[in-house]
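Next up: the structures, one after another.
Next come two complexes built around chain A: one with chain B, the other with chain C.
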Partner chain A sequence: MSKHLPRLLVPVGAAILVLFFMPWLPPNITGQDLAAGYVSGVEGFGFFYLNLLCAVLIIGAGVFLWRNKYNKLASFVAVVSSAVALMVTFFGMSTLASPVILNIDFVNLAMYGFWGIMAASIVGFIAGFASFARKADNFKFLLLSPAVLVVAVVTAYPLVNTFILSFREWRLDRSPRPEGFVGLENYLRAFDDRFFWNSVYVTITFTVISVVLSVVLGLAMALILQKPSRMNTIVKTTLIFPFAVAPALKGFSWRFMLNPSWGVYDSMIDSVFPFMADVVWLANPFWAQFWLAISEVWGWAPLIALMFLGALGSISPDIFEAAKVEGANNFELFRFVTLPLLKPVIIIVTLLKTIFSLKMFDQVVTMTGGGPGRATQTLNYYVYLNGFRFIDMGYASALAYLLIIALTIFAIFYVRALYGKEGI
Partner chain B sequence: MQNYVLKKRISRILEIIAALACLFFVLFPIYWLAITAFKPEQYVYTNAIIFPPTLANFYAIFGEALDFSPYLINSIVISSATVLLALPMAVMASYVLSRYAFKGTTAILIWFLCTQFLPPVVVVIPFFTLFRQLGIIDTRISLIIINLSLTLPYAIWMLKGFVDALPTEIEEAAQVDGCTEFQVLRRITLPLMMPGVITTAVFSFIIAWNEFLYALVLTRDNATTMTVGLLATQTHRGVQWEWMAAAGLLVMIPIFILSMTIRNYFVEGMTMGAVK
Partner chain C sequence: MQVILIGIGLIVSLPIFIALFTSFKLPTEVITYPPRVLPTEWTVQNYFSAWQSNPFGRFMINSFIQTSLITLGQVVFSVLAAYAFAILEFPGRNLIFYIILGSLMIPFELTVIPNFQLISSLDWANTYQGLAVPFLASAFGVFMLRQFFLTVPKELHDAAIIDGASNWRYLWQILVPLSKGSIGAFAIFAFLSAYNQYLWPLIITNEINMRTTQIGIRFFMVNLERGADWGAVMAATIIVSAPTLIAFLIAQKQLVKGIAMTGLKG
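Right after this comes the complex of A and B.
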């Protein structure tokens, strides 16, 4: 009996934690409800006692593990249950910290409980983990897990959370926490929203312009700088600079240079094409989109040129020699030798640039602010507007998910193109 | 014959002109921003390239008109802390992902790769609401946590490339001589990885330094970084471009210096090893 009791503590503890907290949490719960035992379903069985129970369970798990060092299952359960307990604590604390009127005594009690359970679950976690990692072949998991955990928290958690939010109503000005579930309403709303379609159109236009120009200009620069000479070496070393400039700053500096009264690019263009002297670049929908794309191309084309230069450098010169001996002229050399050899790189670069164009955000804020009108409101910016200007979190989440779907398609192609054949 | 020489000479001149055009395209915006930062106010709104240089704009953004010093400190603290938190985890993870093959290695690597394609606006929505509930909006710690979503998967990928390139024989020899697995990593592989670690640190620093959206959403006054601080040059008279240029130069210069130290890895690094 004494041997089996602690063995039971861990799974029972985990089960209680999951059953009492996680799935039944109604959307509009307040701290008062928690205090009254609303969540556990048992009148008077408040947070504090539940916390105590969890703490006892997890400490029990720790002791048990300490005595049975190499039990894989037990260590696994201990790790999972303490992780769940930590999450519950985190949630509970954030509930208390949220702006709800609460009974002060309750808050104090609950806080002690939370700190207790947090300490206990950390102990349980470390104990479970240490026992797991003691075994020689578990060493790799010990090293890998901090990174995996952190990446899960900072990327997988938002993905899941945004997904759930996209099915809920939540206007921050009305309620401090999510309101009820509304099914697909947020998504349906997007399809009826002409500003959403406008942003889709803007995003596609921007992506096409910037991808085509970046790749074409990048290829052109690579071909120009391909020949070894002192001049070209100097130019090549400067190619990394535009990409290193903060995108937000790119937007500002291009806006400065395009100003109709004192912008330096504006006066250069006016002196070459006098008929364009009257164009106010960023007040014209077409030109605003164009220059927004150019500010992005300015960063990417040199980087893409460097990628192509790397790929060109790895092509054997014998191939070009052979083609020349066969009588190919420069154009034929490019069309039938260089281009086919660069094809894999071109595909990867195009996909990569497409993904980053769909994600582009910073320059919209600092260069055009989405204007003139809505001419440069990309989908990304529209999500931002809805989420953080109109503070409509549910709708913003749904829009964000539509963006993710588009990105996922390109990401799949990209991963296929990179690793499809040979694996990582 | 003479025709041939002439043709050659013309094509040489054309090549130089093309290379100069590239140079102009690449460097001109940077050059223009840099000289604007040193222009006195009456020259800022002209196309003059000859002017008496002045530091007045820098005095203006450090105290006389605006105060950029907290922004600068925030940027330095947040970027450094992000790097210092991400690197130890990345070293351990990349070592495992490179040296041990087990079920799920590929899945984890592709997962980490795909996180780079996640639009930041998706990450920031839940974290904004979470940080708001926890009351840590507008603190450096919140930005450090969320910046890990950009830098950590990136650093792991980057470092994995470096570990892959190291020969395994030394590690095997060390193990034969009685090192434990952890000692192998600490005493043998880590010192050999050091150039890679430093390169990765520089890249992660650049990413965190240039980050804009997270700082825009999650900060108000206390934790504002340099990139968001640029917005402060927008006054009721419109953007004060000479201040913007001066602040912009401060955003740019550290990154340029860092980029130069790692320029041989730049392409590989900025594309997560898509093209080597």
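Right after this comes the complex of A and C.
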């Protein structure tokens, strides 16, 4: 590895620059901001010094590669452009730092320097990385880095960031940037917030109803569709419809069908249970929750049925034959043969569905809008409300973390169930 | 038994057919009581009024660009990473794989605040890159394609390497053609989930010209809620759902296979 280190430095130094600074760089940045370290994202650690460090890193590594005749063009471009950009930045910066009244040209100069380093870093990154990855042992880095990079930026970094934010005060209407640390205040606030507890209650009820119904109905459908026939093939085709349908269509067609005056479901139910004719489904807290769960079951039960069908297909028919020869009736066949064999899949599917139910969001927006009142505000929807309606980012982050913790627990069980003791 | 089967098929597809039939009804007939499933008089008027009330063409183009970028990125990057996890051996491989798999469990909704902050500080709100870049890689794709690559005999790889092929060549000229089916299935998945995305386009776009179909239609609904021209609403949802329904009809076999794999070991 040691001999690869210099080769890695160019792309790594460049990546630090790009990753670390790009996201924090406001579009309308001024020279003063640069000098104040405003864009560094890490308060107290000046942008300038880290920039300097990375540029020196790139230049050093580039010179080393140049001397070792390793992809001359790449190291040349990286070194020269980094050096020029660095000089320009340094010149601009030193002017900014002095008490002299700012000359706007120098501000621009510092900016050009900054973007120059950026451009050089990107060129250096691509060139350095390509030459690095051409070596057979380094090929894996080329393969892995795009996916790992995206996961790191989109999932890992936000996870850490949300965690930190959850301990800070940050109302977007008061300040464009996070404010002071408030310790556990955001979490304590959640425990005192009855709307939070309401959303927890809604989420749990919703999860229990939709998981139980989806899995039971899915299993029932799979058992009915088990035998291959032409009719089964057609029905199986329709099973995937709800999955392919847009969330908008899901929510709105259900809302339409439950409309008290011209909804088809409403009139069907009214004709079977006349005493329910007066119920306005989505205006009643209980029924709104119920129908929200049912619409979710409609989307998931067929999908789960397809998963079970896959599992049933992999069970050898000999087992059923043997049980029949032993004199088992249909119920016993199901209870003592099918069910135990399906148990691992049932567990996996249940956990998967639980994870998806806990983070229910789309249909809450399209079907009920969280209402009536707060009756269908799931936890995920409540996070969204706090973050993007009340723009209270700190509190929303704390709420999000409470949900992440719940999800992680189920996710661990899911991965365990999926891979069991065999390992990956 | 047959009756139950038909019943299942009907219940499952009913909401879609209701939407479809309603979209062909005259405005007066949509709100008649008692409601009827089939229109007495078929009309395409709703499609015209839905299409004219909103720049659906623009929404479609936006969705198309966003969805193609995401699908392409997810397929290419997943193939690359899956190859490393399935074929190559290196220290830390399983650890990195576990981390990728773990990210599958973290819902995007919960990482949305820092992502929003990041993308808007790049000034990428209301842009195609803002819509697409956060989704360019897919843990699910890496997972699914790795499972498939593992089923390809290792001897094939060894033979190719002995014959002088590089890993790069083996991947693109042998393994990828062999796994067309799985890659296709995953591409359909990527397409469906990208097209059906809801929360992210909702918060990252606020200009009408950058809205995707899902979000465009949402505002359409909200505005219509008071007057509730349900025929036009349903016509709009049908327009919006058409690409996914067509994609599903083309590739339903691969989809069923892919779904079965989520619950099973591949």
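Just so it is clear, the second predicted complex is superposed on the first by the 312 of 424 C-alpha atoms of A that agree within 3 Å, B and C clash if a C-alpha of one lies under 4 Å from a C-alpha of the other, contacts with A are read in each partner's own complex, and residues count from 1 in each chain.
Heads up, the rule we're going with is that contacts are C-beta pairs under 8 Å (C-beta built on N, C-alpha and C of every residue); 3 or more make two chains touch, one makes a residue touch a chain.
Bear in mind the structure is a predicted one, so any value in this text is a computation, not a measurement.
S.K.: Is the arrangement of chain B and chain C around the shared chain A a clash or a fit after superposition?
M.R.: These partners clash in the superposed model.
S.K.: Examine A:Val325 and indicate which partner it touches, taking first as chain B and second as chain C; both and neither are also allowed.
M.R.: neither
S.K.: Output check: A:Val148 vs chain B and chain C. Expected answer is one of first, second, both, neither. What do you get?
M.R.: both
S.K.: Considering only touches as defined above, state whether A:Val245 meets chain B (first), chain C (second), both or neither.
M.R.: In the superposed model, A:Val245 contacts both chain B and chain C.
S.K.: Could you say whether A:Asp362 touches chain B, chain C, both of them, or neither, answering first, second, both or neither?
M.R.: A:Asp362: touches chain B and chain C.
S.K.: When the two structures are overlaid on chain A, which partner does A:Ile405 contact: first (chain B), second (chain C), both, or neither?
M.R.: It touches nothing on chain B or chain C.
S.K.: Once the two structures are superposed, pull the chain A residues common to the chain B and chain C interfaces.
M.R.: Common interface on chain A, chain B vs chain C: 136, 139-140, 143-144, 146-148, 150-151, 154-155, 157-159, 161-162, 165, 221, 224-225, 231-232, 234-235, 237-250, 252-254, 256-257, 261-262, 264, 267, 298, 302-303, 306-307, 310-311, 345, 348-349, 352, 355, 359, 361-362, 365-366, 380, 383-384, 387-388, 393, 396-397, 400-401, 403-404, 407-408, 410-411, 414-415, 418-419, 424.
S.K.: Taking the touch rule as given, give the residues of chain B at its contact with chain A in the complex, in rising order.
M.R.: 15-16, 18-19, 21-23, 25-27, 29-30, 32-33, 36, 44-47, 89-90, 92-93, 95-97, 100, 102, 105-106, 108-115, 117-130, 133-135, 145-146, 148-149, 152-153, 156, 181-182, 185, 206, 209-210, 212-213, 216-217, 227-228, 230-231, 239, 241, 244-245, 248, 251-252, 255-256, 259, 263, 266-267, 270-271, 274-276
S.K.: Can you check the complex and tell me which residues of chain C touch chain A?
M.R.: For chain C paired with chain A, touching residues are 1-2, 4-6, 8-9, 11-16, 18-19, 22, 30-35, 37, 76-78, 80-81, 83-84, 88, 90, 94, 96-103, 105-115, 117-118, 121-123, 134-137, 139, 142, 166-168, 192, 195-196, 198-199, 202-203, 213-214, 217-218, 221, 230, 233-234, 237-238, 240-241, 244-245, 247-248, 252, 255-256, 259-265.
S.K.: Give the list of chain A residues in touch with chain B in this complex.
M.R.: It is residues 93-95, 97-98, 136, 139-140, 143-144, 146-148, 150-151, 154-155, 157-159, 161-162, 165, 172, 176-177, 221, 224-225, 227, 229, 231-232, 234-235, 237-250, 252-257, 261-262, 264, 267, 298, 301-303, 305-307, 310-311, 345, 348-349, 352, 355, 358-359, 361-362, 365-366, 380, 383-384, 387-388, 393, 396-397, 400-401, 403-404, 407-408, 410-411, 414-415, 418-419, 423-424 of chain A that touch chain B.
S.K.: Residues of chain A touching chain C in their complex?
M.R.: For this pair, the touching residues of chain A are 22-27, 136, 139-140, 142-144, 146-151, 153-159, 161-162, 165, 221, 224-225, 231-232, 234-250, 252-254, 256-257, 259, 261-264, 267, 298, 302-304, 306-311, 314, 345, 348-349, 352, 355, 359, 361-362, 365-366, 380, 383-384, 387-388, 393, 396-397, 400-401, 403-404, 407-408, 410-411, 414-415, 418-419, 424.
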